[in-house]
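What follows is a group of structures, each given as structure tokens.
Shared between the two complexes below is chain A, which pairs with chain B and chain C, respectively.
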Partner chain A sequence: MLGLSLREVSAALKQGQVSPMELCQKCLSLIKETKFLNAYITVAEEKALKQAEESEKRYEKGQALGVLDGIPVAVKDNFSTAGIETTCASSMLKGYIPPYNATVVQKLLDQGAVLLGKTNLDEFAMGSGSTDGIFGPVRNPWSYSKQYREKRKQSHHRADEDSNWLITGGSSGGSAAAVSAFTCFAALGSDTGGSTRNPAALCGLVGLKPTYGLVSRYGLIPLVNSMDVPGILTRCVDDAAIVLGVLAGHDPKDSTTTQDPVGPFILPILRDVSKLCIGIPKEYNVPELSSEMQAFWSKAADLFASKGAKVVEVSLPHTSYSIVCYHVLCTAEVASNMARFDGLEYGHRCNVNVSTEAMYAATRREGFNDVVRGRILSGNFFLLRENYDDYFVKAQKVRRLIANDFVKVFNSGVDVLLTPTTLSDAVPYLEFIKEDNRTRSAQDDIFTQSVNMAGLPAVNVPMALSSQGLPVGLQLIGRAFSDQQLLTVAKWFEEQVQFPVIQLQELVDNCPTFSQHEKLGLVSLKR
Partner chain B sequence: MAAPILRCARPGRCWSLDYRPRRSRALFAEPVPGRVRGQSSAAAQEPRPGAHEWAAVVGLEIHAQISSNSKLFSGSQVTFLAPPNSLVSFFDASLPGTLPVLNRRCVEAAVMTGLALNCTVNKKSLFDRKHYFYADLPAGYQITQQRLPIAVNGSLTYSLGVGAQWSPSATKTVRIKQIQLEQDSGKSLHDDTRSQTLIDLNRAEGQLRVDANVSVHHPGEPLGVRTEVKNLNSIRFLAKAIDYEIQRQIEELQNGGKILNETRAFDEKLGCTVSMRDKEGKQDYRFMPEPNLPPLILYDAESLPVAADPQQVVNIDWIRERLPELPSVTRGRLVEQYGILPEHSFVLLNEDGLLEFFQTVMKETRAEPKKVIGWILTIFLGYLKQRNLAVSESPLSPSSLAELLNLLDSKVISLPAAKQVFEELWQNQGKTPGQIIREKKLELLQNQEELEEICQAVLAKHPQQVMAVKNGNQKVVNKLIGIVRRATGGRADPGRIKQILEKQLQ
Partner chain C sequence: MWRRTFRATLRAGLGPGATGAVAGAPGARVGSCRFAGSDSEKAAGPSPGGRVSAELIEHLERLALVDFRNREGVARLQAAIEFAGQLRAVDTDGVEPMESVLEDRCLYLRADEVVEGSCAEDLLQNSQQTVEEYFVAPLGNITLPKQSEQHPVLKS
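Let's look at the complex of A and B:
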């Protein structure tokens, strides 16, 4: 039951095969059983059960609100949730309970979705591993999958050694782990430089970054306002489209959302790809890309070609400047956005009361981790009057060049770009933390971040398992506001590759609340 | 929580005028070449001309609150004297995740201000963040228009006058550098006894706040280092602060000292400026584009998209058509229509409600405009000022004054009697001038025989004065007129008495 798609579970609810309360309780039990994944920061058990109860009443009366009514979802802990603590995985916001819902959260609730809780992340979404928040790192459910364990046995590793667990990627790793481990049916992430697509790739999920301006940011605690978008993590493309349909559209509270009508996001079945033109950006073939990943990328391109699509090599010449440009723009906005955390009104406040200035300084030193403080320092440096033109203005110009690269490619007739999402499959935590956050973020966002600079829609689609038995995903990038077309292509690709379902034997075995029937259901899922 | 700011500038220096929370800001710079106001005038009259003459340059950053129902970037209301923190939206409180939404009414007000001040209204303007840490600035930055403001390059013509002394020649023009929309900060209330600061995020603080930038230099030499006197909240304090600062800078320089580029505050009790020393100084505000607000695009009749929703666009031409008559036009019209002096037209417009009062009186009276203006500007306004009243609070209605002036004009009463009636009208609301005149028997004596008898009696009683007149001392006639008037209880027309007396003395 927990592995069903949104449409399937919605049908099951309508037909009374399962009730919203049962569904919610199953998810809550599984969350408890998989607590070691550290996917959730806050589990809003009471509120969720109450929502499920109300949903149940609606179903009894035949008055379900929408396709998501009664369906458990999770939300990254950088979206404001009324009455539920919202921490951004930072000491700075520990104990902060927002009085309002982010627009996207409200839209989910308006559809009758059941909000299970808030998922883990890197502090203020600054990171690519979901390892750098105050609540500790998130573990990739694939670390415990049959597929991965068996491969490790074959290569004579001790399969049971716990220290080998893998990262989820980030920064929306909690949401990715929550969906991947079947504790919820869909989750919201956020995506500023790849934070939704990256963990989706490493956890074998569909991770959608919608076009900037398609989905409201109101209530999303910002990292980089001009690049942030709410992201969607699901187990299949159709699910992502359904959630996008719920979330998309103008919000009077977010002036950067489009005024034009959007959607619907119902995906047709694409039978003929011969009219499609797929672009392969040559600059994405970087030396750091693992050979295995490169092989999958070629294979995907060949797949499109073999089915009749036109596959062309294209150039995005300013790609290599993307990382440094992003660094300047991101840190500048971070410096600005973090200025409100001063200990006066909400969140952490230190004990120093010598002067207001001393209070600010100590509060911010205690409240932010090194990563956040480092970005604030860099950003303020770039914004200084004497540096502004040399750094910020230049970076803005480069950003425009990067965006224009995409425009040119799409104007040349390319419909969708096909790229890797990550350099490799998921790495063990102990491996990952050998490099600092800045180095890792710079490396890991390489394929994803220029999309944010250009505001384009992009989606990670899981393709296959690597030689280690871990998910490998590819990224499809579309032109602005072509989200529906992009997802239609993604759905075709998904259908072609038949990505295997995660086999969480170990998890399931350790989970007494699962009946034998459900275990079978879980492992024999088609997708 | 925002207002436009106005910045005005003259030679060399430019500052901008600021409107604040729902606030626009304007910037003026006004050099006062060779001439220093009030107390500083001594310095301008150094014995050796030229080398030691001082000129002051003054730039004003004027923060004026926009009269709107809700704040510049949030839906919360603006109400004068609302309880502290009672009108604070999540955005006003800078809760994480909230976003600014521009208030259309504030944009229209800024455009109208720009048009009224002869500015070029920018079809595209941008918003910026200005960063500094202060307790009443909860976001750590203020949203303003630093790079590309809504209106630029305007001017305002005004007449110079000190008190009631208006000189028609002293018409000046001040240049306006820019008008920008700017979010207001909160309000800090310092409790010195408890060493606490209380913050009110309602933010609709005062309606006007001015920062004055002042420097002095020798004419022909480069401009001096400027200081900024912040947070002046009345015109009177503004003038005092500028005068003091000019004088202070001159003295400092004459004593071999240096002027620091610093922020100063005006001590209202001591009447002097003092260095603020703390934060500001040469603070770097780390300006950055506000990423949550798209560029503000304004349209005119030509560029307006055909299918545009009127609720979603601001049309400059539409606002221009609705611009009320500007004061300069009104003044010109008054001078032409009534033949009054230009300086009088300034007073009529500068006093709230006075123009309407004047026009109502004019409609209902036969008296000449010059007489009416005399009564209104000297007697009526004098009474109001003495009692610290606004025109709207006057116990005297324009109709009463018109009736009184009609009675005076048709010689039913004398001028002194009219003044007495005026006084009575002020004290006894509800009575008409006619009633007062009847009750107090203030009508002029119209009976020629009766008047001649009184005159005859006076002459008989004052033989010495009669002799003096006959000996050629005509001045004594006036004395006799006075005596007759006293004898009639002030109810005789002096002109008529003079006629009779002269006849009888021949």
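Let's look at the complex of A and C:
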């Protein structure tokens, strides 16, 4: 039941095969059993059950609100949720309970979705591993999959005792782990430099970054105002389209949302790709790309070509500067956005009362971790009067060049770009932490951040398992506001590659609340 | 055609661009750019904020109201500045800065009508120190003491 797609489980709810309460309880049990994944920071059990109860009443009356009614979902902990603690995995906001819902959260709730809880992330969404939050790192469920363990010839000891577990990627790692481990059907992440697509790739999920301006950012605790978007993590492309359909659209509370009518995001089945032109950006073939990833990328291009699509090499000449440009713009905007955390109106407040400045300084010293402080200081450096033109304005100019690169390519007849999402499959945590956060981010965001700078839609689609038995995904990038077309191509690709379902049999066997039938249901392929 | 993309790089074994250090630059590579000395700065062109002086550190700490805490913090800033310096190599003559990808559109403005609010109680609840409907802050007219000073200056 928990492995079904949104449409399937929605149908099951309508037909009475399962009730919203049962579904909610199953998910809550599984969350408890998979606690060692550390995917959730807060589990809103009582609230969720209440929502499920209300949904059940609606189904009984035949008044379901839509496809999402009664469906358990999770939300990354940097989205404001009324009455539910929102921490951004930081000491600065520990204990902070927002008095309002983010627009995207409200839209989900208005459709009857059941909010199970808030998921773990890197502190303030800064990072590419979901390892740097105050609640600890998130573990990739694939570390415990049969596919991975068989390749490593692991003996069947208890899953949670394994110390060489893998990272989920970040910064929306908690959301990715939550969906990947079947504890919910969809989760919200945020994407500023790849934070939704990166963990999607490492956890074998569909990770959608919508066009900037399509989905409201109201209530999303901001990192980089000109690049942030709410991201969607699901197990299949169709599900992502359903959620996008609910979330997209103008929000009077977010003036950067488009006023043009959007959607519907119903995906036709693409049967003929001969009119499609796929671009392969040559500058993305960096030496750091693992040979295995390169082979998968090449195979995917071959796949499109073999089915009649036009596949061409394209150039995005400023690619090598995009990570530097992103670094400057990101830290500058972060420096500005983090200024609101002073301990006065919300969040952590220190005990120093000598002066306002002393209080602010001490509060911020206690509240932020090194990563956040580092970015604030760098950002302030780039914004100093003497540096403003040479760094900040320069970066803004380079941003235009990067955005123009994409426009030129799309104007030359390319419909969709095909690139890797990550440099390789998931790495063990112990290896990941050998380098610091900034270095890792610079390495891991390489394929994803230029998309944020140009504001384009992009989606990670899981393709296959690596030689280690771990997921490998590819990124498709479309032109601005072409989210529906992008997802249509993604759906075609997904259908072609038939990515296998994660086999968490062992994990599930340890879970006493599932019947044998249900255990089988969790691992069987729905296709 | 596009298959050249994969073959070419395998043969050459080189990354994109002469500045190449960008793609996946590990921390070690940035550090090896010898930011401590003035040679690399001369080679790369005029460098406005190339080195991190004690004065700069204090200035940034005061502006950001966040401290570096230790040498590692300073080293991190140094590395960040060095990393950002690579932008100098890009020719941006005649290019306008891009502030937003939605620059061709008008921002939406709501009508000036009060439709919600009156939630002072909800907002005050999140603060640690309040008095009636006020957020309480310590005295504001005392500047942050310099690092060299042992005790903050207190006004009577």
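We take it that the second predicted complex is superposed on the first by the 517 of 527 C-alpha atoms of A that agree within 3 Å, B and C clash if a C-alpha of one lies under 4 Å from a C-alpha of the other, contacts with A are read in each partner's own complex, and residues count from 1 in each chain.
Heads up, the rule we're going with is that contacts are C-beta pairs under 8 Å (C-beta built on N, C-alpha and C of every residue); 3 or more make two chains touch, one makes a residue touch a chain.
Being a predicted model, the structure only gives us computed values, none of them experimental.
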{"item": "Which of chain B and chain C A:Ala301 touches, first, second, both or neither", "value": "second"}
{"item": "Chain B or chain C, by number of chain A residues touched", "value": "C"}
{"item": "Touching partner for A:Gln15 - first (chain B), second (chain C), both, neither", "value": "neither"}
{"item": "Contacts of A:Glu357 with chain B and chain C, given as first, second, both or neither", "value": "both"}
{"item": "Touched partner set for A:Glu333, first chain B, second chain C, both or neither", "value": "first"}
{"item": "First (chain B), second (chain C), both or neither touched by A:Thr256", "value": "both"}
{"item": "Partner chain(s) touched by A:Tyr218 [first = chain B, second = chain C, both, neither]", "value": "first"}
{"item": "Partner chain in contact with A:Pro99 - chain B first, chain C second, else both or neither", "value": "both"}
{"item": "Touching partner for A:Leu401 - first (chain B), second (chain C), both, neither", "value": "second"}
{"item": "First, second, both or neither for A:Phe368, with chain B first and chain C second", "value": "second"}
{"item": "Shared contact residues on chain A - chain B and chain C", "value": "96, 98-99, 226, 252, 255-256, 259, 335, 342, 344-346, 356-357, 360, 380, 384"}
{"item": "Chain C partner contacts - residues on chain A that touch it in the complex", "value": "96-99, 212-213, 226, 250, 252, 255-259, 280, 282-283, 285-288, 294, 297-298, 301, 311-313, 318-321, 323-325, 327-328, 331, 335, 342-347, 349, 352-361, 364-365, 368, 370, 373-374, 376-378, 380-382, 384, 386-387, 390-391, 393-401, 403, 423, 435-436, 438-439, 442-443, 446, 453-455, 480"}
{"item": "Parts of chain A lying in touch with chain B, wherever the complex brings them together", "value": "79-80, 86, 88, 93, 96, 98-100, 102, 217-222, 224-226, 252-256, 259, 332-333, 335-336, 338-342, 344-346, 356-357, 360, 380, 383-385, 388, 392"}
{"item": "List of chain B residues in touch with chain A within their complex", "value": "90, 93-102, 129, 131, 133, 135, 138-141, 197, 199, 284, 286-288, 291-294, 312"}
{"item": "Chain C - residues contacting chain A, complex", "value": "1-6, 8-9, 13-17, 19-20, 22-27, 30, 48-49, 56, 59-61, 63-69, 72-73, 76-77, 79-81, 83-84, 86-90, 92, 95-102, 105, 107-110, 119, 122-123, 125-129, 135, 137-145, 152, 154"}
